[in-house]
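One structure, as structure tokens, below. Some questions next.
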Amino acid sequence: MMMNKNIRREDMSRAVIVHAILLTYTLVALYPIFLVIINAFKSRKGIFKDPMGLPNAETFSLDGFTKVLAKSNFELFFFNSFTVTVVTIVIVLLLASMAAWALSEYKFPGNTWLALYLAVGIMVPIRLGSVSILNLIVELGLINTLTALVLVYVAQGLPLAIFILTEFMHQIPKDLKEAARCDGVGEFKIFFAVILPLIRPAVATVAVFTMIPIWNDLWFPLILAPGDGKQTITLGIQQFIGQYVTDWNAVLASLSLAIIPILILYLIFSRQLIRGLTSGAVK
Amino acid sequence: GELVIESWRNDDIDIWNDQIIPAFNKEYPEIKVTFSPTPPTDYNALINAKFAGGTAGDLITCRPFDASLELYKQGNLAPLDDIKGMDNFSDVAKSAWQTDDGSATFCLPMASVIHGFIYNKEAFEAAGVEVPKTREEFYAALDKIKEEGSYIPMAMGTADQWEAATMGFQNIGPNYWKGEEGRKALIDGSQKFTDKPYIDTFTELASWSNYLPDGYEAISYPDAQNLFSLGRAAVYPAGSWDISLFNSQADFEFGAFPPPPAAGSDTCYISDHTDIALGLNAKSPNAAEAKIFLEWMTGSEFASLYSNALPGFFSLSNHKVEISDPVANEFVSWRQKCESTIRNSYQILSRGTPNLENELWNISAQVINGTVTPEEAGKATEAGLAKWYAPHQ
Amino acid sequence: MADLKLDQIRKSYGAVDVLHGIDLDVKDGEFVVFVGPSGCGKSTLLRIIAGLEDITGGDLMIDGDIVNTKSPRDRGIAMVFQSYALYPHMTVYKNMAFGLKLANHDKSAIDQRVREAARILQLDKLLDRRPSELSGGQRQRVAIGRAIVRQPKVFLFDEPLSNLDAALRVQTRIEIAKLHQELKSTIVYVTHDQVEAMTLADKIVVMNAGNVEQVGSPMQLYHHPQTRFVAGFIGSPAMNFTTVHIDAVEQGKVTVTVPGGAKAVLPFDVPAGDVGKDVELGVRPEHLSPGEQGDLSISGEVDVVEKLGDSTYLYLKLANGDRFTVRAPGHSRIKIGETLSAAAEAGASHLFDANGKAYDKLQCPPEYSAAE
Amino acid sequence: MADLKLDQIRKSYGAVDVLHGIDLDVKDGEFVVFVGPSGCGKSTLLRIIAGLEDITGGDLMIDGDIVNTKSPRDRGIAMVFQSYALYPHMTVYKNMAFGLKLANHDKSAIDQRVREAARILQLDKLLDRRPSELSGGQRQRVAIGRAIVRQPKVFLFDEPLSNLDAALRVQTRIEIAKLHQELKSTIVYVTHDQVEAMTLADKIVVMNAGNVEQVGSPMQLYHHPQTRFVAGFIGSPAMNFTTVHIDAVEQGKVTVTVPGGAKAVLPFDVPAGDVGKDVELGVRPEHLSPGEQGDLSISGEVDVVEKLGDSTYLYLKLANGDRFTVRAPGHSRIKIGETLSAAAEAGASHLFDANGKAYDKLQCPPEYSAAE
Amino acid sequence: MTDWRKAKLPVFAFLAPATIIYTLFMIYPLIDSIRLSFYSTPSGGEMAFVGFDNYRTILGDPDWSATFWNSFWNNMKFFAVHMLVQNPIGIALAGILSLPQLRFRNTYRTMMIMPTMLSVVIVGFIWQLILSPVWGVGVDILDIFGLKSLFGPWLGKEGSALITLSFISVWQWVGIPLMLIYAALLAIPDDLVDAAIVDGATHFEVFLHIKLPLVLPTVAMVSILTFVGNFNAFDLIYAVKGALAGPNFSTDIMGTLFYRTFFGYQLQLGDPSLGATVASLMFLIILAGVLFYLFAVQRRLARYQL
């Protein structure tokens, strides 16, 4: 093909090195996960007899999965987790990016202090406030609702999101905001129509960061919404994480199932990691 | 109303849902009961938070001693002395859930766990050893197995620390400190951890490192369980709760023996530890129904259901319970042969900082790891206790 | 209605003073062109008018109201940025329609205006492209398009045609002029292109290092520059300067010695006290006729020849080392190394004192004056 | 040594074909200027020469080697980007020194070269500023500076002077010419400025919509455009075109009817078969003398007058609606609405067939030909 | 920055919703709990105000202060490993992934971020399995490289447990610097890279001299996030080593100390007062770091609009 001729030889050798590095690290990152997955398909005995081996006739077992699927109301748990996660992400991204924009764009008295105030939340372990949060939720009559989880997660996700997004907002070329202002565009609209689209990679990154701890959280579902029909997937799965008797293959199976939805969410967000979003904007 | 049972026993959810609750409902179909377990590691924190927030369930599974006592003191657990059938439990059984002066009982005892050693019969045969009766035989057997080489003599690790204390120190110790006698002496201050029985316990513990698998420092509890259940180890320092796992996992025959006393001693001592009970949320809106449930639990039906469903958890009631599992039966039979005691760090002695139980975990593990000598271990433990416990100062 | 008044506008960036007190009146509907050397503060001034830079000192008035702190949105302006500042995530169409959409214009009206602007700027085929897929000139045109569709009271153009080819530049220039006539908007326009400045401006503002040097109509500036700086800046190629010696002063006449020793009598009102001083004489290349003799003759060796087709520029080295540019016809056959003399009429000359101030010129012949 | 050879270079961005097969030879040390309408592919071609864009088809040779796949680093080039692409985190000094530092030049040599370039470009006082603290023109100069300090075999300039004022532009242009003479580098230069193109180029390449229309010396292109496009593109203001009717053809002569009905005899070699056809007549504004009669006379109503000082452009509307630009002297007093006739010598005219191809001109008088 | 007065309402409107929710569900509960650090909670009794007594206990009592400082220094080590290993790897990978014309870029990125998405339960389990001396995974892997003899029970030794856990944590969280730096690198215009390449820079030099300086603010932010995250870390150690963070507290960091103190562990009852005291000391340490970042680092880092 025509194209081939135009691939640089030096690029080729560089590509080899680059891919070698990437593959090596990918292997490091994936091998343990690969172990999780193959072991999820093994009987408990199989796991410990030959942890590295692929499931074979002797060790293959879907016990883990059947247990998970039989014992818990998986669809419902998925739905709950999904709802909580997605709603939280949407709210966090919206509110955090708005706040970050205000902090990075406007000079007003106390700007730095407000930024600091909004960052305090990442400096204290949130579990510390569990009891107060629980009391608050009880008083609001939100106990055993997904709303309670969403509210707490939003509060929990905001500080980090604001912190990160504020930093990224600084990258946007000043001229663009100014052009919009000269275009007679209001501040809200500048934010939504110009700024947000341009920091999409950062927003997507923040979305991923917000999502991971929420999806994997066990604590707040336990105290705020342990009730029937409101369990999240992680809470549902915790039944398999025993103290003395442990169905490791069930744990592995359920946890590998549970990673799929966030992986999908990740893939959705990562499509926003676009190169050169601002290219062509300014000279 | 609907009763919610809070528990850390998430392994038991099937037993509750499939056996216990249906049995209860046969008698009381109008009372709906939900068993709501949480991961054991989070249980204490969670239950405290739920009480503070007023969202705790009606029936609360009780840890022994101080954790539950504290809940009672805070007014979260209702006194249960008036429950009919409470006299089906011995005072010893109730002692773990009573105020220090014994004036009030706030949880209904459910089960105890017994320590001992589980062994792989095939391994013993292969090495040509008998079930040891004395400490000397025990170590001779372990040496022989080690020599023979096809089995790891003893399956345990110190990575999780608590096994060293619970399956090690508390398992073999009562034979040195003479069970309840020594335990009480520690509480009243007449014995110290620097005394011989304790140093000896530590010394014996330290010798275990010869028999443990390579890299035992990093071997966790499930690793050890699996080493044994996969037939790679001969002896397993056990809690009776391990039985059900081994029943389902091991494809060889296994048996059990109590911690062997020194040759020539006439009594043997075992740790028969009160482990689990059920209490009533003082603010439960369904207190009446909850009491019905608790009363039902004092009956023999529950005792037998529970002990058989969970071999290794032995009902604390005075009902005669037929246990079908042979190994469990072996364990429970020691109650007749030997003197029972509970773990010496549980009552009163873990009330301060540093916490004796935690200290024992740490130090027992270190003793096995060889990072402290038995004497140092005794000194450190005693020093910790002396810090806050007047009788030892 | 949109007149601008700048009153002692000053601007500094930290320690760097960029504007030193600009006074300017722009009447409603006027077309004002800012010219000046690179870095003299034109863009800064434009940005101040737009409200994009804080004013360090002085007042900016629009329609008589002080607007120093008014947001750009509320000033009714449209601006073409020197750096274009296109919205990189929007297509060309959306870039242009963005401002209109937010002003809640109706869809078909927006469409019509955008397509009209695209037609004028020859962007019709590129409406669906993103800025990153455009050439430099195309981007610049989008920036212009985005401003003109909005039809505001005040237009601010910062070198809007700098990256366009000659043909397109002429066309766009004409379209801007038309737009100005139709909308009667006030336009402030920065350019480095002499032709643009001369043809578009009602008024040219010549800036230099943060100051206004002279404000006037194009012809005023061309014929009556008040300073040597303006004289040298307006006109391309630039006016020639050389140092001459004042020999004698008479009523409305001054006799000078030009390099090479020739004398010339020029119609300037020079105070008697300046006799004996050296002053600057300025003559535009286009007013010098090569190979001829006249009121003011100058000669030197041709050391560079530039052929432009329509005309040829000859660069002379005078006796005193100064260089003179002479515009000869396109078919000129003069070669490097030849000695050439060139002459200008006395009325075409300019004379500046040591501070760069122009001496008043008297008896100015019509072809060298701004009067129509 | 650095000669370039482009052999059928094609480039597309996805479905958009930008270059359609460019053939070009650039000899070592030659100064080649690319001109063409905005968006015709000049920058793209430059980027291909630099190695920044993959070639879709064809070969690029430097010094006889195909370098399609050679990295930009190894091509020994320096480039001024149309968008400047200054490193925002480096000072002006560091921006310029960056390339030299990478090449491990010694510190004092770097310093000396950077300061020299800064002096030439009048950036001396700005060496410690960051690009964000510079005006548009200053940024552009830094971009030029960054290229020239490197003294490479090949320079690529993409509209390097577009944001400079006239005076600076002339100076910088001269400096670039000097540099070219000193370093003997090969220079490829894109510009929209006619004067730059004419004065700098050894060879001008006229591009149109991804094709090369004509390659030649400046005077060749000015006097002998091979196509109507080149004729219209080279020269400012642009050549005037109008449709004329071929009445008769003789050996080396053609008689046409111009709008308004007058006949003219022009020295073109037109095939007899074209008699009766309509063709395009082209005359440059500067070759038309207002108010005179000549070989080729034309008249129309003046509808726009543009005064530039040195000259005045008069825009005539001819009888057939076509518009003609006439260059009159700066002091011209002709007003809008007057009817004006203007004349050109027959030799100054150009004639193009229906496809835009020029007819051969015979007996060309010296002032209308490129021959020196 | 724009003067807020030019935008009046919007500044308020932009900040209010986030600030309100955050204050109500984050700050209020935290303050309400931090308040406990000034009270004592005797068992079953009423809370009593004790001023700074609890702080005196933690910092003054030899046992408590030894524990506290032990966890602090462990935490510093934990943080140091992340700074020196996690962030450089993250930055390097992000740099490589942002190379122009790299194929499979998205696939690589997705795979590399996978560990970050796992719950610590899995991470803890799988690494214990790999590092366990009995199941042979780690040994076999080392054997492939002929390094079998190097294997040891790292998680169980006082000297190596913390470092090993730090590396496990690094493995899990490399995705964070990777994603953040990658997102920052994406914004760098191609033109700049082109210019540098034409200037004779190799891709590595481009990264070093152009890209890295331009994302330096993000690198600084990642560093402070690492600091904050590490000093709040808890899950992994808790999952692998329990709240006693053995052996002999060699893996005890401030998060586990806080947890153990606040919620209790096994027979040790939770002490909300002392727990809250530990938490507020953690907060002060982290705050000091953040203030250092905000006022000493972030202000000095010039940001370049691209």
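A, B, C, D and E are the chain letters, set down in written order, and residue numbers restart from 1 in every chain.
As a convention for this text, a contact is a pair of C-beta atoms (placed from the backbone, for glycine too) under 8 Å apart; a residue touches a chain by one contact, two chains touch by 3 or more.
Here is each chain with its UniProt name: A = Sugar ABC transporter permease; C, D = Sugar ABC transporter ATP-binding protein; E = ABC transporter permease.
Keep in mind that what you see is a predicted model, and the values were worked out from it rather than measured.
Enquirer: Give me the set of chains touching chain B intersected with the set touching chain E (ABC transporter permease).
Expert: The common neighbours are A.
Enquirer: More C-beta pairs touching across which pair, C-E or D-E?
Expert: Looking at C-E and D-E side by side, D-E shows more C-beta contacts.
Enquirer: Chain B to chain D: how many Å between their CA centres?
Expert: Roughly 94 Å, centre to centre.
Enquirer: Would you mind pulling out the distance in Å between where the CA atoms of chain D average out and where those of chain E (ABC transporter permease) do?
Expert: Taking the mean C-alpha position of each chain, the two centres sit 59 Å apart.
Enquirer: CA centre of chain B versus CA centre of chain C: separation in Å?
Expert: 94
Enquirer: Could you grab the centroid distance between chain A and chain C? Build each centroid from C-alpha atoms only and quote it in angstrom.
Expert: About 57 Å, centre to centre.
Enquirer: Chain B: which residues touch two or more other chains?
Expert: 41, 45, 48
Enquirer: What parts of chain C, by residue number, touch at least two of the other chains?
Expert: 51, 71, 82-83, 133-134, 136
Enquirer: Mark out which residues of chain E (ABC transporter permease) touch at least two other chains, giving numbers and ranges.
Expert: Expected reply: 3, 7, 135, 189, 191, 259, 262-263, 305-306.
Enquirer: Tell me, which parts of chain D touch chain E (ABC transporter permease) in their complex?
Expert: Result: residues 47, 50, 52, 71-73, 77-79, 81, 83, 85-89, 98-99, 102-103, 130, 132, 146, 150 of chain D touch chain E (ABC transporter permease).
Enquirer: Contact residues on chain D for chain C in the complex?
Expert: The touching residues are 13, 16, 35-39, 41-44, 82-83, 133-138, 140-141, 158-159, 162-170, 192-195, 198-199, 218-219, 222-223, 232-238, 284-286, 306-311, 313, 327, 329-331, 366-368.
Enquirer: Would you tell me which residues of chain E (ABC transporter permease) are touching chain D in their complex?
Expert: 189, 191-192, 194-202, 205, 209-210, 213-214, 302, 304-306
Enquirer: In the complex, go through chain E (ABC transporter permease) and note every residue touching chain C.
Expert: The contact residues of chain E (ABC transporter permease) facing chain C are 3, 5-7.
Enquirer: Flag every residue of chain A that touches chain E (ABC transporter permease) in the complex, lowest number first.
Expert: It is residues 11, 14-15, 18-19, 21-22, 25-26, 28-30, 32-33, 35-36, 39, 47-48, 51-52, 95-96, 98-99, 101-108, 112, 114-133, 136, 151-152, 154-156, 158-160, 162-164, 167-168, 170-174, 177, 186-188, 191, 201-202, 204-205, 208-209, 212, 215-216, 234, 241, 248, 251-252, 255-256, 258-259, 262-263, 266-267, 270, 273-279 of chain A that touch chain E (ABC transporter permease).
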